[in-house]
Amino acid sequence: MVLDEKDNRNVWEKIGDYFSANSIWMKWYCTGCGAIELPPTMTSRYDMERLGMGPMATPRQADVLLITGYLSTKTLRRVIYSYEQMNSPRFIVAFGSCTINGGIYYDSYATIGRLDKYLPVDLYIAGCMPRPEVVMNGFNELIKMIKKGQAKGWKHYQENYEWYKKNQLDSLGEVIIKDEFHE
Amino acid sequence: MINPVFMIAIPLILAFLSLVAARIKKWLLLSGVLINIAILFFLEKGETVIGGFKPPFGINLILDNYSMVGLALAGLLLLAGVVLSLDKADKYSTVLLTALAGINGMLLTGDLFNLFIFMEITIISAYILSTAGKKPEYSFNYLVIGSIGSVFYLAGLVVFYSLTGTLNMADLAAQNLSMGTPELLVPLFLIFTAFAIEAKLIPFGGWVKGVYGNSNRLTGALFASVYASTVLFVFGRVFNEVFALSGAVQTIIVLIGVVTFAFGEAAAFRQVKMRRILLYSSIGQSGLAAALFALGLIFPAVLLVISNAVSKFIMFSITGKLREIYKTDDYTDLKGVFFSNKLTGIAFSISAMSLIGLPLFFGFYAKLNALTALFNGGNWFIPAVILLFAIVEGAYFIRLLIALWAPGKEGEIADKSHAVGEIRIFNIKKSILVFILSLVILAAGLIPDLAGKLISSDSGFMGGDGPAFTMSQLKGGE
Amino acid sequence: MNLTIILAVTVVLAVVSFFITRLNKKAGGFLTVIASLFAFVGLFLLKGSIGGEFSIFYFSFKITMVGWYFALIMVLAYSMTSFFNPFWMDKMMYPGSYNFMYLLSMAGTIGMFFAKDFITLFIFWETVVWSSTFIIQLGKSRKASYVYYVVSAIGSMATLFAIMMAYSVSGTFVISEAFAGLSGGAAIAVFFTFILSGLAKIGIFPFHVWLPAAHGNAPHTFSPVLSGGLVKMGAFIAFLSVTAFPAYEIFSGMFKVMGTPFPIYFLMALGAISIIVGTLMAIKQEDAKKLLAYSSVANGGYILIGILMLDQVGFAGGMMHLVNHAVASAAAFLAIAAVAYRTGTTKMSEMGGMIHRMPVTYIVYLVAIISMAGIPPMGGFVSKWLIFQGLADKGMLFLAAAAFFGSIGSFMYVFRPLSAVFLGQTFTRDLKKKEVGFFMMLPMLILTALSILAGVFPNTILRVITEIQASVGISPVTLAENTIVTVNGYLDAFRVFIVFGFGFTIAFVIFIVRRKSKKVELMDTYTSAEFIHTRELLHYSSKFYAPFERLYDKAPDTMKLYKKIAVKIGELGNLTESLFYGHKPEKTVFWVMITGIFVVIIGGVV
Amino acid sequence: MIRLASLLLILIGLYGIFSSRNVIKILIGVNVMELGVNIFIISVGFFKGGIAPILTADSFSSAMKFVDPLAQAMVLTSIVIGLGITALGLVFARKIHAQYDTYDLGAIGGGKDD
Amino acid sequence: MNVMSFVYGFLVLLGVFVFQTTLTGLNRKVTARLQKRYGARWYQQFLDIFKALRKDSTSHGWVFDFGVIMALGGIMATVIFIPVAGFEAFPGLDNIFVISYLLAVGMLGMAMSAAGSGNPWASIGVARALTNMLAYDVPLMIVIFTLIFAFDSSSLSEIAALQQGMGILGWNAFRMPLGGIVAVIALLGMLGKKPFDSFIAPTEIASGPMVEYGGKHLGFMFILHEFMTFIEVSIILSLFFGGGATIWEYMLKYAVLYTFMNIISGVMPRFKIDQAVKYFYRVPLAMAIVQGLVVIFTGLGVTLWF
C-alpha cells in the first residue's frame, strides 16, 4: 500500500516516526506454521534486535501486529480485538500466502480471503513460508515506509472506521453470547 | 425488742396451722415469711436463754452480727422466692415454713446438738423439696448421703461431748481445744464431713448434681441461695468460733475447699444445660467460701456467700422458668431468649457478671476482699488458683450470656429472627422484682463500702477482721 | 475542663442514649457522636490541668501527660468511629445497648488512663472489657466475643494477681508507689503477670488470637475502635510495666541481652514473634477485616518493642506508633466499613473495583495503608524509622530482622485489600453503588489528614512524647525545628515530603504534556484475545499470594493451643462429674471413706 | 467394747450402703448406722454401775453414780429423727418403685436429667 | 533547602537518566554478545523510551494514570536523595531507611496502577513482585542493619566515605565478605534480573504488571525502571563497594557492578517465586545473620582485617 502522497507531516511527527521506525515492537499473531520462521529471525543468525525489533507480550505495548498464518472467521475476530487494543501508531504486517489469500485453504468457506477488507494491512510478506531473509527484507521496507510516513494504515482505519466495521459485521455477524456465564 | 425465739416459734406454729387450715396455707406461708422479715429488725441482740437453764447447761440462742446477716439474707431470699413462685410454693407451704424455722434455728442456736436438730429439720425439708424434681432416686440419694452426714455429725459431736462435757458453742470454744492433735482430728473430720456434705464440697456433695439439676424455679433458687448460704454461715461459725482450726486439719479443709472450687468450675465449664452450669458454679463458689472460712477470713467469705446467694437466686429462678416454658435448659436451644425479655435478661446478666467478679458489681468487691485478705495472710497460691479458675468461670458465664442474648449464625450478624420464641419469661411484676434484686447487686457494687458497712457494722464478725479492702482506702492513698 | 465533668457527662449520656435509642434509633446514634466529640474536646482542653490529682466517689485520679496522650488517641478513635453509628442502628440487634456500651466503654478508657491507683485502673479496665464484649457479640460471630473475653480475662486476672501481690509487699495501690520494694522471684512474677493483660490487649503472640476473631467479626462500627483504640490500652500497661514498675532498675542485676535485662528482652522477642506471625497470617486472610486485624497484631509488636526499649529513640518511636497506628488502622477499618455499608460484605473475593464507585473511600484507605506500611510521607514511616534507629543503636539483630520482615511483609498484606476491594474489575452487582454520604466521609477524611500531618510534621506529636520521656526520667528524643536527630542519623520529614512533591510534580508535568490518553472500559484489557464478559471472572483476588502461602500453610494454629487447654479443662470437669456425682449413694460413701482413711493416716503422721 | 461394737455397726451400715443397690437395703444400712451411732452416744453417757438419773431421795447421796442423762436425751432425739428419715426414705422408695417399677438403683441407670 | 537544591536535583535526574539509559543500552549489547548476537544499537533504549512516549495510550481510569505518576514521582524523589560521589542535592537526607522506604512509594504506585488496569495478570505480577521483595529485602536489611550498627550511621554518603582511602580492601564487601555476597545476590533480586524475574515473565503472565501499559504509560515505566535500577545499584555500591571519591570513579564502578549483574543474569534460568523465597530464606538469610552476629559480638569487619 505504498502510495505517493505529499508528505505533510510536521517536524514532531517526523521525529516521532523516526523513533517508531527504529523501535518496532511486535505482537505476533501465530495461527499457522508461519511462526516457525520467527525464532531464526530473532536469534543469532539474523538478530532482528539490530533493527530495534523485538517481540512484545501484549498488544498494548506493541506497534506491529504480525499475522502469520491463515485467518478463519473464528480467528479474525480475535485479530480485530487485538488490533483495537493496540495504541496508534500501529501497523499490520500480513505474513505468508495463507494470510494474504487463504493459501491452500483459499476455497474454504471459513477462510478469510482478503484481509484488508477488515483490517488495514500495511505490508504483505509473501511466501510459503517466507524465509528469514524475506522477513528481514520486508521489515526493512516497513521501516522505510514508517520513516517516510507512508505506513498509515492506522489512519486509514480511523477515517474509514464505519466501512471496516460494516465489513467485519457482514462477515462475522454480531455476537450474542449464551453460555453458562451469561443469560 | 422481740425475743429471737419467735423467729423459730412463729414459723413452726404457722407450719402446724397450715396443716390444719390447708385452704389458707398460701397466706400462712406469705405471712410467715413476711413476719419473719418484719421482726428481724426488732430482735433482741445478744444471748437468749431458752427454758431457764443457763448455758452451758441449757440451750441458748445467739444473735450477733453474724447470725443477723445470715438471717436477713435467708429471710429475704426466701421471701423473694416465695413471692416469685407463689404458685409452686403453695404446695410446699408447710415444708417451707418448717424450713424457715429450721434455718432460723440453725443460724441462731448456740448449742451444737440443738444445731443438729435444726439442721435435720432443714434438711428433711430439703429432701421433700427435692421431690419437686420428680426424680425420686436423686431425692433418695440425697436422703441417704444426708443421713450419713447426720450420723457422722452426731458421732463427732459425742466425742467432743465425752471429752469436754459440754455442747455449748461458747463453752466449747472456751475449752481451747488444740485442734492440731491427732485425737481430735477424727472427730473434727466427722463434723466437717457433715457440713461438707451439706455445703456440697467435693468429694462429699455427690447428691448435688441430681437434686439441683432437676430442680424447678422454686426449689433451685432456694437450694442454691437460702439453704446453701445458711449451711455456709453455720460452717463459718462452727469452724471459727467453736473449733479454731489450725495445723494439718486446716490445711486439709482449705485444700478441699480450693479443690472443690477448681473442680466445680472445671465441671461447669463443659456443661450446656443451664441448671448444671449453675449447680457446678454453686459447688465451686461454696468451695471457695468454705476455704475462706477455714482460713478464718470471715468477712470476705460472708461477702462471697451473699453475692453468690443473690446471684444464684436470680439465675436459678430465671433458668427454672425458662425450663418450664421451653421444656429444656440447654442454652444452645435457648439462643436469643432474652431478646423479648430484656429486663429479665439484664437481671440475669448482672447476676452472672457479679458472680464472675467483674467490677461495678458486688462480686468484684467480694473477690477483691478475698484476695486482699489472702495476700495479707501471706498466701499467694490460693489467689492464683482463684484467679485462674475465675477465667474459666468467666468463660462459661460469658458464653452463656452471649448465647442467651445474641442469636445468629456464625458469620452473620446477630439477628432477632434466630431468637427462640417471644414468650415472656416473667410477667411484668415479677420481672421488676427480679430486676430490682439484680439492681441491689449493682448498687452494692457501686457503693461497696456502704454495703460492707451495712453488713459488718464496720467491725468484723466473731472477732475476726473487718474488711480487708475498702474503696475509701484508695482515696486516702494509705 | 474538668475530668469529672467529662466522665460524668459521658456516663450520663450513655444512659440517656440508651433510652433515646428506644424512641428513635438514629437520634441515639447521633448522641454518641455528640458525646464522644464532647469528650474529645474536653480531653483536649484538659492539657492545662496536667499534674492535678482529685477523686470522684472512691476513684482517685491523677492527670498525667502520658494518660492524656493515651486518652486522646483513644477518644479520637471513638469519636471518629461514632460518626458511623447512626447509619448502622437498623442493623443492630440491640441498638440501645450498643450505644450505651459504646459510651460506657469510652468512659472506661478515659478513667483508666487517668487512674491514680491500680484498683481504679482495674475497675475501669474490666468495665471496658465487659462492655466491649457485649458489643462484639452483636457482630458476625458469637464465638469471637467469647474468645475476646477469655483472652482479656487471662490478662486481667493475671494483672489483678500482680497488683495484689505488689500490694502485699508495698501496702499501697497507688501506681507510682505500688511496686516499691519488690525484688527477686516476686519481682519477676509480678512483672510477668502484670504485663500479661497488656500483652493480651495488644495482641502479642500467643494472645493474638482474639484480634482476628474480634476485629474481623465485631460490628463494622466497632472494629475501628477495637483496633485503633482498645488495643492501645495494652500499650498503656506495657508502659506502666517499664516505668511504674521500674523493670530496668529492678532487673538490672540480671542476665542481659544486648544491654537489656532478659525478662524485658524476652517480651520484646514475643513482640518480634507477633510481628512475624501477624504478618504471615495477614498475608493469607481472605476477609479484609481479619487481614487488618492481623496487621494490628504485627503493629502491636512494633509498639511493644518500642515502648519496652525505654530509651531515647525507640521509645519515642513506639509511643508515636501508637498514634499513627490508631489513626491509620481506624481509617482503614472505617474505609472497609464504608465499603461494607454499600456492598454488605467484607470478603475480598466478593468485591472489586470499588474505586470507581467510592473514590474518596479509596483515597482514605490508600493513605491509611501507606501509613501502616511505614512508607513516607505518612506518619507510620516516622515511627517505624525511630524504632529501627533504636534497634540499630542497640544492635538487636533478631528483633530488627523481625521488624524488617514485618515492615516489608506489610506491603504485601496492605496491598491485598487495595487490589482486591478497590482496584480491579467492578462486580456487576456493585456497578450502581454510590459513595457514602458526607457525614460518614468526614471522619475518614479527618483521619487521613491526621495521617499525613503526622508524617509531614511529626515533631508536633514528638514534642508531647519528649514531655512524657522527661516525666519518666529518660532523655528525650532530640528535636530540631523540623528534624528528628538520632545517633545514627537524622530525619527531616518535611523536606522529604517537599522533595517527594517535587518529584511528583515533574512526573505530573511530563505526563500532562504528552497526548491525552484514550479512556477505555475496564473490561477492555488484554486477555490473549479471548472474549470475557463476566466481570467477576476477570478479577484476581482470592488466594492472592498462593505460592508464598504454600510455604507455610502447615504452620500450627495458635487457636489450637487454646482449644486444647479448653478440652483439658473440660476433661477435668468430666472427671469430676463421673468421679463424684451420680444417683447412687455408693460413690459418696466411697469418697467419704477414702477421705476418712486419708485423714486418719495424716493424723497418724502428725 | 461397746464402743467398738458401735463403730462396727456404723461401718457395717456404711458397707451396706456402699455395696447394696437395693433401695430398701440401703435404707436398712442407714438404719444400722444410726443404730451404731445411737449406741455410741449411749456408751459415752453410760458407765458401769450407773443408775438412772432420776432424782430420788436415796439417790441424792450417790449423785456420782448417775449415768449422763443428756446422752440419753440426745439418743431419744436422734431416734426420732432417724425414724422420720426412715419414713421419708421409704416414701422415696415407694416413689421409685412407682416410677420405675423396681427397687434396684442400678436398674434405673441414673435417669437423664430432664 | 533552597532553589538551587531543586535545580541540582533536576540536573541529577537528567544526568542519571542519560547515564543509566546509555548503560542499559550498552548492556543490551553485552547480553546480545553473550548470546552470540550483534545486539541493538547503544542508543536503542532511548529510541524505545521516546517511541513509547510518542505513542497514543489507553487509560483504565484515574488510578491507572495516578499510580504511574505517583510511581515515577516517588522514584524521582528517591533518586534526588541518592548521594553520587558525595554529592547530594539535599544534603543530609540520604538516610538508608528513607531511601529504601521512599522507593516503596514508587513500587506501591506502580502496583496500584497495574492492579487498577483491571487485568488479572497485572495483579499476579504485582503479587509476585511483592513476594520477591519480601524475599530479598530481609537478608539485605539485616546486612544493612549490621552496617549501621558497625558504623553508627545510617547515611549512605557517610558509610561510603568511611570505606574510601583504604584501597580495595576497605570496601565493606571485603571487610564483611558474607554481607557483600548477600548484598550482591539481593541486588539481583532488587533489579528483577534472572533468576528472580518471575514477576515479569512475558509469556507466562504477559509481562505481569506491565501488561496493560502502552504509549506514555509504558514510557513512564521504562524511565521508572532506569531510575529504579540506578537507585538499587547505587545503594549497594555506596554501602559495599565504597561509592566513589570522584564522579568518574563512581560511574566506572557503577558500570562495572551493573554489567556484572547483567552478565550473571544473562546465564541464569528463572526461579519460580516460591523457589526464590525459599532460596533467599535459606542461604542469604543465614549468611546475613552470621555476618551480623560476627560484627555485633566480635567487632570483626568494623575495622580493616589487617
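Labels for the chains are A, B, C, D and E, by order of writing; each one numbers its residues from 1.
Here, a residue touches a chain if its C-beta (ideal position, glycine included) is under 8 Å from a C-beta of that chain, and two chains touch if they have at least 3 such contacts.
In this text the structure is predicted, and so the values were computed from the model without any measurement.
Path length between subunit A and subunit D in the touching-chain graph (shortest route): 2.
When chain centres are set by their Cα atoms, the one at the greatest distance from subunit A is D. Two chain pairs, A-C and B-D, are weighed by contacting C-beta pairs, with B-D ahead.
Centre-to-centre separation of subunit B and subunit E, using mean CA positions: 75 Å. The distance from the centre of subunit D to the centre of subunit E, each centre being the mean of the chain's C-alpha atoms, comes to 96 Å. Distance from the subunit C centre to the subunit E centre is 35 Å, each centre being the mean of its Cα atoms.
Each of the following residues of subunit C touches two or more other chains: 518, 524, 526, 582-585, 589, 592. Within subunit B, residues 135, 137-138, 144, 148, 210 each touch two or more of the remaining chains.
Shared interface positions of subunit E, defined as residues touching 2 or more other chains, are 56-58, 206, 211-212, 215. Touching chain pairs in this entry, ordered by label, are A-C, A-E, B-C, B-D, C-D, C-E.
Per the touch definition, subunit B reaches subunit D in the complex via residues 113, 117, 120, 124, 127-128, 131, 134-140, 143-144, 146-148, 150-151, 154-155, 158-159, 161-162, 167, 210, 213-214, 273, 275-276.
The part of subunit A that touches subunit C in the complex is made up of residues 29, 58-60, 77-79, 81-82, 85, 87, 175, 177, 181-182. For subunit A in complex with subunit E, the residues that touch the partner chain are 16, 19-20, 22-23, 25, 43-44, 47, 49-50, 52, 56-63, 85-89. Contact residues of subunit C toward subunit D in the complex are 582-586, 589-590, 592-593.
For subunit D in complex with subunit B, the touching residues are 10, 13-14, 17, 23, 26-27, 30, 33-34, 36-37, 40-41, 44, 70-71, 74, 77-78, 81-82, 84-85, 88-89, 92-93, 95-96, 99-100, 105, 108, 111, 113-114.
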